[in-house]
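Shared between the two complexes below is chain A, which has chain B as its partner in the first and chain C in the second.
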Partner chain A sequence: MMRIPFRVVFEQRGETPRRLSLLVPLASVLAALFFGALFLLATGYSPIDTYTNMFRDGFASFNGITDTLALSTVLICTGISAAFAFQMNLYNIGGEGQLYLGLIGGAWAGIALGDHLPTLIMVPIVLLCGALAGAAWIFVPAFVRSRLGTSEIVSTLLLTYIGASLIKHVIYTPDSFFRNPNTSFPQGRRVADSASLDSFGSSRLYPTFFVALIIAGALYWIVKRTEFGYRINVISDSPRAAHYAGINARRTTIWVMLISGALSGLAGAMLIVGPYGKIEPSIITLGYGYAGIVVAALARNNLGLIIVSGILFSGLRVGGNNLQVTTDTPIHIGVMLQGAILLFALGGEAFRRYHIHVVRVQDATARKAAV
Partner chain B sequence: MNQNIWILMSADAIAIATTLIFAALGALFTERSGVLNLGIEGILLTSAISSFLAADASGSVWFGLIVGSVIGAVMASIHAVLSVVFRANQIVAGLALVIFGTGLANFLGKPAEGKTITTVIKPLSFGPLSDIPVIGPIVFGQDIITYLAIALAIVASRYLFNTRPGLELRATGDDPATVDAQGLSVARIRIRYTMVGGALVGLGGSWLMLAQSAGWHQAATTNGLGWIALALVVFAGWRPMRIIFGAVLFGFTLQLPFTLQAEQITFIPSAFLEMLPYLATLIALIALSRPGSRNSLGAPRALGTPFVRDER
Partner chain C sequence: MRKNHIKGFALATAAVFGLLACGGSDAATDTTVAETMETEAGDDYSMLKVAVVYIGVPDDKGWTYQHEQGILELEAELGIEVKRVENVPEGDEAEAIMEGLAAEGYNLIFATSFGYGTPMARVAAKHADGCFQWATGAKFLLTSEMGGEYATFGDIPANLGTYFGAAEEARYLSGIAAGAASPTGKLGYVAAFPIPEVIRGINAFTLGAQSVNPDATVQVSWTKTWFGPDTEKESAESLLAAGADVLAMHQDTTATGLAADAVGAKWVGYNSDVVEAAPDAWLTAPTWNWAPYYIQTALAVAGGTCPSDEYYGSMADGMVTLGSFGTSVDEDTQGLIADTAAAIIDGSFAPFQGPVSDQDGNEVVAADTRPELLDLLGMSYFVKGVIGSPKG
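And now, the complex of A and B:
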């Protein structure tokens, strides 16, 4: 067997230096962009042009900024949805499917209630119905997770595929309630005028952005300041301690998952009152629910940071999406970069948690801290 | 009722099961070593498109299969490094791999869109045996890779339960501290089997591409098979032989919609039939769970937890 004279040693840090908390995520993003640049070069595209275009279209123009904030409205919601469950080690990765149900729930309310109520009452009802539909979609995974220990990872994900079929069903079935009866081409039926909001000026930014900010703040407050939040923290730190403290972990598990589902459902309903006004089948190809997981992971499940990571990540996506239009770079490079940034951020985490250094093998055995 | 359609369906179900057997065996080897790789779907997609491009360029399906497996191992090595060396959260790392793999595969697949491959893997012919009614096309009408998948599951079972390296692998997943005390490197074993697992998943993805779909349809090429494979491992209780049975069962639910459509049985909405494989998986998953059943199901005890010698 080959002998390597050097060894990488991981030493757990007692406390993470403050500068690293900022430096590491930044370096991760840069490393991912560098990796992307190499990949672009190898496949015959110009990394400089690609990145300049991405930056300009994502952050440095009026349309760029407003589009970024518009997208972040949805991603902040799906991001909190993921982070809220993840922080209790409940891996709801089916936010995508809960978002589909939010579309259905929101569109149902928007169509069924008709044009009778003022917008100020109607829009909250639509959002609430979307949130309830999202929560309903996660109920079975939440229930069996808390009672039987069934992996919520697989169950929530399988339900996403089922939700996608459901969306197709309600749009493509000929006399469906959700389908526009006036066109032969399968299209969603528009919700009542009172159930849709106007965007700000010439932008594509909707007032729901502020709803997302308020929700983010409210969830942060719940986790930091309420008894419910305290219970979540105890359970995630030590399930055993929670048990002895008389905390009902089952009930907390169900509630956390239901809230998580409701937030993804809310994101779906926001698409109804905001840009779309109907169920648009193409939404199922956009992956807003999955993107929420990335947003949560980049913020290290810290609810206070979700807004920041949500906006940054949205900018990256908006810029990436425009690539196809402005240059001939395939749109998928954006998705790939999302994954790469997350992978590098995960690797970078180690530098935050451990003091990593390379030592000679003799020293390593002396330290007894080798991998 | 047209009997032929049902025979064809059974043959197709077994064929679909091939991808599932490879992918689930790959996930099983990975998980038996204690690493949870949720990135199977991403690996399937990346290896599928790589095998397509390689087979298209070289004109050889076998070269395509090899490239697909190698790419599978390379993709899995990303997960191995992140979860074993950097001790990252394995769940998030796996998801990152799915996102990265989907983007990468669609990027690479851009030139392959709308193209079909001329050299596909053809079913073997056993002469008169293949002509036996009913049994002929089902048992003797598959291609060599399908038989290889079944053989591999049997070998994997022997390897896991009757050999020394198999014992070491199981021990690494159940009790890494003991393996470490034996003087073996937990990290090395975990990285090795995560990569072996990735190669197996890659083989499944390549086969799916070169024998089944014969055209690149972006994410619809795999359509969640990777996730079904992960559930299949739970369903099989982390035992290779049961994977064959489970894979055929799921293969049937995946084929049923097409068969019922061909039979013009339309009283069940097609959307519901589309849901069926995922619904069946979900129900199976719940039916197998009991309070505190993770261990009695056979899950490796250290699954998903990084091994750190001095933090115990």
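And now, the complex of A and C:
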């Protein structure tokens, strides 16, 4: 049997050096681009042209940058939804489902309240109803998590499928409140005009983008500066210490999850007051809720970085989408590049958390023996 | 007979367009049609930039594959290259992509899914010089009364057209094959969504089956998905368990056929002629031929006009066809189907020829009449003999 004389050893770092916090994500993205370049070369496409086009269509043209910011509006919300839960080591995988409920809650308010209130009041109500519906959708997972310790990963994920069925139900069932009554085609019923915002000029960017920025800032402030945020930090660092300090972990768990659900619900309601104006069954194929988990992971769940990672990821998606339009690059290349960047960014985590060295096998055995 | 007709049509089209592509250098053989079209379009299609937006990928062996065949023919006939954009999700990202295409100078854009309507209309409004074609669409759905964004029908951009076809004609014919192949008269139908398009197909299939077996029934199982191999398989198996010996489908995968094949039942496919998926089970399939429409629309745009009607194709113009027959469709049945197809094509027969009754026995189409196109497009009832609810 052939023996490999070297072995890779992972040693957990006590403290991550500051320079690595910046260096690792940067190197990860570069490594991903390098990997992508090899792939592009191997399949006969020019890496320089491809990257130039992606960058131009994602960030450097009027349509590119406005489409990127428009997409990031939703992804920032679902991103902080995932990252906020993670502050307490809770995994809300069901942002997608909470977003569906946000569509339903938002559309309900937009239709039921009619065209009586000014937009300035109506839109916040619609957004609020979407957020409440998202929070309601995560209530049961939050409750059983806090009382019985049931895995929120499974329960929130499974509820997403139920949410998708609910969307289909409200659109495909005749006489549904959310369905346009004038046609036998399954069309959503449009919300009142006062519940619809106009996009900026000829772009597809809606004022909800600034709401997303404000919400992101507010959540950052809550976690860093408030007593509630302090409790979250103590619980996530040491549940036992939190218990001795008299912090009610159960109640905090429920609140954190409800807020997380509300943020994804808000994302859904933003689609209602923004580009869609009604429940469109195709929204359940877009995966904006799942993408939020990716955005949070790219920001390493750092709430201060979600805006950056949300815009970066949106730009990649917009630029990747347009690769097909402006070049002959197939869709799979764009998707592969997005995947590679994510994979390398997450893989880079290992370098941040662990001190990695390659040692001779004898040394490794000796080390093990010493432990 | 049906096949000959279709083939004849295709040959005629090919001849006309072939001449066009050659630039009419051989004046002696030019027909009047070719001459008129030539003066409209010339043989220079360099101003024509065509793009197609696909909901899936061209090798799905289903809906998108069938459109791809039409696009390939368009490219061959006109000697042009068509831009394909694949896997485009419906919604505002589709709008960004179509906007990008228009900005790149594409002046004829086809979009092959119902959900592209709103984004396509928005882009059409911004690019009046382009021509936009929405497959399976219906422009009236864009009016505010129907939940759309335009106050009146007249406000909808004039450079937006829709195209679809009377699949019910081929559905009816496939029903004949199914009715004749079923000893028990119990048929099953794996159906995607309770929308008029699907309901219309189920009804036409049922009427076709009843034309050879008046007692035939069709049990419907809704999957609530277009593309879901697992769900489709489960639905198919539940219908087989309930005693169906022939399954039809309105889905994008061959899962129904594989399930039928596994228990020795028969299968009517949809979209594509994929007999090889389950040769023993295969009867036939209603399929699409988008090539004639793609070619005629491209020629119209090259000639300076953008078709903006709601185009409803049929077997007569070749948009709707029937696939090849499996071994268990006998000669007599093939002959009957060919005769019926000829009657449909020459207009002497229609699938919903009255009298037609709904599930409760109420007459919905009076004797010797046919439903109006809008009634067909909005069909929301099941005909007598269908088991299940048209409400899903």
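Just so we're on the same page, the second predicted complex is superposed on the first by the 312 of 371 C-alpha atoms of A that agree within 3 Å, B and C clash if a C-alpha of one lies under 4 Å from a C-alpha of the other, contacts with A are read in each partner's own complex, and residues count from 1 in each chain.
Everything below uses one rule, namely that a residue touches a chain if its C-beta (ideal position, glycine included) is under 8 Å from a C-beta of that chain, and two chains touch if they have at least 3 such contacts.
It should be emphasised that the depicted structure is a prediction, and the values quoted were computed from it without experimental measurement.
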A:71 in the overlay: touching chain B, chain C, both, or neither? Say first, second, both or neither. second
Contacts of A:330 with chain B and chain C, given as first, second, both or neither: both
Could you let me know whether more residues of chain A are touched by chain B or by chain C? B
Name the contact category of A:276: first (chain B only), second (chain C only), both, or neither. second
Touching A:148 in the superposition: chain B (first), chain C (second), both, neither? first
Which superposed partner A:158 touches (first chain B, second chain C, both, neither): first
Looking at the overlay, does A:173 come into contact with chain B only (first), chain C only (second), both, or neither? both
Is A:318 touching the first partner chain B, the second partner chain C, both, or neither of them? second
Can you pull the chain A residues that chain B and chain C both touch? 165, 168, 172-173, 330
Complex contact set, residues of chain B against chain A: 38, 42, 78, 81-82, 85-89, 91-93, 95-104, 106-107, 110, 187, 224, 227, 230-231, 234, 269, 271-272, 274-275, 278-279, 281-282, 285-286, 289-294, 308-311
Which bits of chain C are touching chain A when the two form their complex? 57, 83-93, 95-97, 99-101, 103-104, 115, 126, 138, 141, 144-149, 193-196, 224, 378-380, 391-392
Interface residues, chain A side, partner chain C - complex: 57, 63, 67, 70-71, 165, 168, 172-174, 180, 182-190, 202, 204, 275-278, 280, 282-283, 285-286, 317-318, 321-322, 324-326, 330-331
Chain B-facing residues of chain A, complex: 8, 10, 12, 43, 86, 91, 93, 140, 144, 147-151, 153-155, 157-159, 161-162, 165-166, 168-169, 172-173, 290, 293-294, 297, 330, 332-340, 342-343, 346-347, 349-350, 353-354, 368-371
